[in-house]
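Each of the two complexes below includes chain A, the first together with chain B, the second together with chain C.
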Partner chain A sequence: MSVIFQSALLLHIILGILAMVASVTLWMVFLKRIQNFRLIKFSAGATFFLLLGSWISGGYYYLYYYGASVRSVILSGPYPWAHKIVMEAKEHIFLFLPFLAAVVFFAVLRFREGEAISPVLLRGLAILITAMTTLIVLMALGGIAISGAVRP
Partner chain B sequence: MDFYTWLVFLHIVGTVLGVGGATFAEIFIVKAMRDGIVNPEETDYLRSIYAVLRIGFFLTIISGFSFLYVYRITGNEELLYQPKLWAKLTVIVAIAVNAMLIHIRAIPLSVGSAVALVSWYTAMFLGVWRTLPFGYFEIVLTYAVIVVAAIPILTFIRKQFGVKI
Partner chain C sequence: MKQNTIIASCIGAIAAIILTVAITIGGELYAPLKDWLKTTFTHHWLGKSVISVAVFAVILFITKFLPVPESEERIARLISILALVAILGTFSLIGFYTYEYLIYL
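Up next, the complex of A and B:
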């Protein structure tokens, strides 16, 4: 693997993990009884931009290296399901994760201190943030399963 | 120091802060709850300990995933399918979920503290025992049994120290 693909993979992992930390932080501050709007906005923004970075670096690695050099190795190895099931699921869920994060980020940007927020909106966002955090964790675990299946 | 040694160093520091933080959280909860109320000074101590725990968790996660990256690029991919690794990941997810539930007060602090204590020691134990001869489900089942058993055991120990529950 060339240095550029190694760097793309490392960036994808590190930014993805930091996005996971930011998303967990967002979940925790959002569901607290007394909400800190500044921290909510910061963690929502961090989740969005970190996911975007992970998306771009992961996408580059996937398009120019994984498809050409890794996929065939996994498919001919002892764990072809790592591509057929895990990667197929991961690449589709991964595509919409930054959009999910963008929805959350732009929704919380409208929050103002002292202004009443609709309970329906709060509940909807809480469900969305929970889903996003769970999906990011599953993406990370999926990434380990895919990497472990590369047996030349 | 090379990159791998840095990772080992960071991982050990993270684990030390996590295990130490979980241990001191339990000790301070026992001390704070002897009179049945947690005063502002005790709250401040507990906040500091939970901040240390969060730093430990963050270091463990970042260094842990960096190890996985190193295994991938150095051709040691078979290490990523070790049952012990997946059991450790399960425990790490349990630590995170437990911390989240404590934070939003969805579970009592006494229960959450017991789960955190057992989970951090389990994670350390799994890291230290290099040749653990058990499968994923055996490890996770044992961990779950210990967690469930630890809650009444720690409640009993807290009562012995005069904690009013």
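Up next, the complex of A and C:
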């Protein structure tokens, strides 16, 4: 694998893990009802931009290396389901994440110190952040399964 | 951030996710659709990425300028619908690819 593909894969993993950390932070802040708006806005923005970076770097690796060199190894190995189920689902479910993160980021940008936020809106956002965080964790677990399945 | 922008982004995200699931499953069941994505965008996944971003951006732009009634309850309801659509989309794709794998075993 060339340095550029190694870098793209590493970037995809590192940015994805950092997005997971940011999303979990946001989730915990919402669950504990901590009114730290700076932390909320920073975590939501970080989740969005890190996911964008992970999408672009992972997409580059997937389009120009995975399909030509990795897919066939997985399909002919002992765990073909890692591509046929996990990778096929992962590559498409990942497309949801930047949109979920964008909506969360737009919504929390409205928060102002000293202004009351309706409990209904807080509950809705908590549900969306829970869904987004769960999907990011699923993506990470999927990535681990796919990497583990690359056995000739 | 205006409430209208949040409402517009919610509607755009819901549409982008539904369309992604539809063209993904549709492309697997109807080969010419996947072939069209490949020939137009060089790769079907790139096509889905471009289309989902375009749908999100266009709906965000259009809805932002429509006179949509604003309320926090409305935003909360749309956000909950978006979460539900994302979860259903996830189950649909995992279920579809599991089914496809099992029937060709």
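Quick note on the criterion: the second predicted complex is superposed on the first by the 150 of 152 C-alpha atoms of A that agree within 3 Å, B and C clash if a C-alpha of one lies under 4 Å from a C-alpha of the other, contacts with A are read in each partner's own complex, and residues count from 1 in each chain.
As a working rule, a residue touches a chain if its C-beta (ideal position, glycine included) is under 8 Å from a C-beta of that chain, and two chains touch if they have at least 3 such contacts.
Small disclaimer: the values here were computed from a predicted structure and weren't measured.
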| item | value |
| --- | --- |
| Touched partner set for A:L141, first chain B, second chain C, both or neither | first |
| First (chain B), second (chain C), both or neither touched by A:F106 | second |
| Per-residue touch tally on chain A - higher for chain B or for chain C | C |
| Which superposed partner A:V21 touches (first chain B, second chain C, both, neither) | first |
| Contacts of A:L9 with chain B and chain C, given as first, second, both or neither | first |
| Chain B versus chain C as contact partner of A:K84, first or second or both or neither | second |
| Contacts of A:R38 with chain B and chain C, given as first, second, both or neither | neither |
| First, second, both or neither for A:A149, with chain B first and chain C second | first |
| Contact footprint of chain A on chain C as seen in their complex | 1, 3, 5-6, 9-10, 12-13, 16-17, 20-21, 24, 43, 45-46, 48-49, 52, 56, 72-73, 75-80, 82-83, 86-87, 89-90, 93-94, 97-98, 100-101 |
| Footprint of chain C on chain A - complex, ascending | 55, 59, 62-63, 67, 81, 84-85, 88-89, 91-93, 95-96, 99-100, 102-103, 106-107, 109-110, 117-118, 120-121, 123-125, 127-128, 130-132, 135, 138 |
| Contact footprint of chain A on chain B as seen in their complex | 58, 61-62, 65-66, 68-69, 71-73, 75, 77-81, 85, 89, 93, 96, 99-100, 103-105 |
| Sites on chain A touched by chain B in the complex | 1, 6, 9-10, 13-14, 17, 20-21, 24, 27-28, 31-33, 79, 137, 140-141, 144-145, 147-152 |
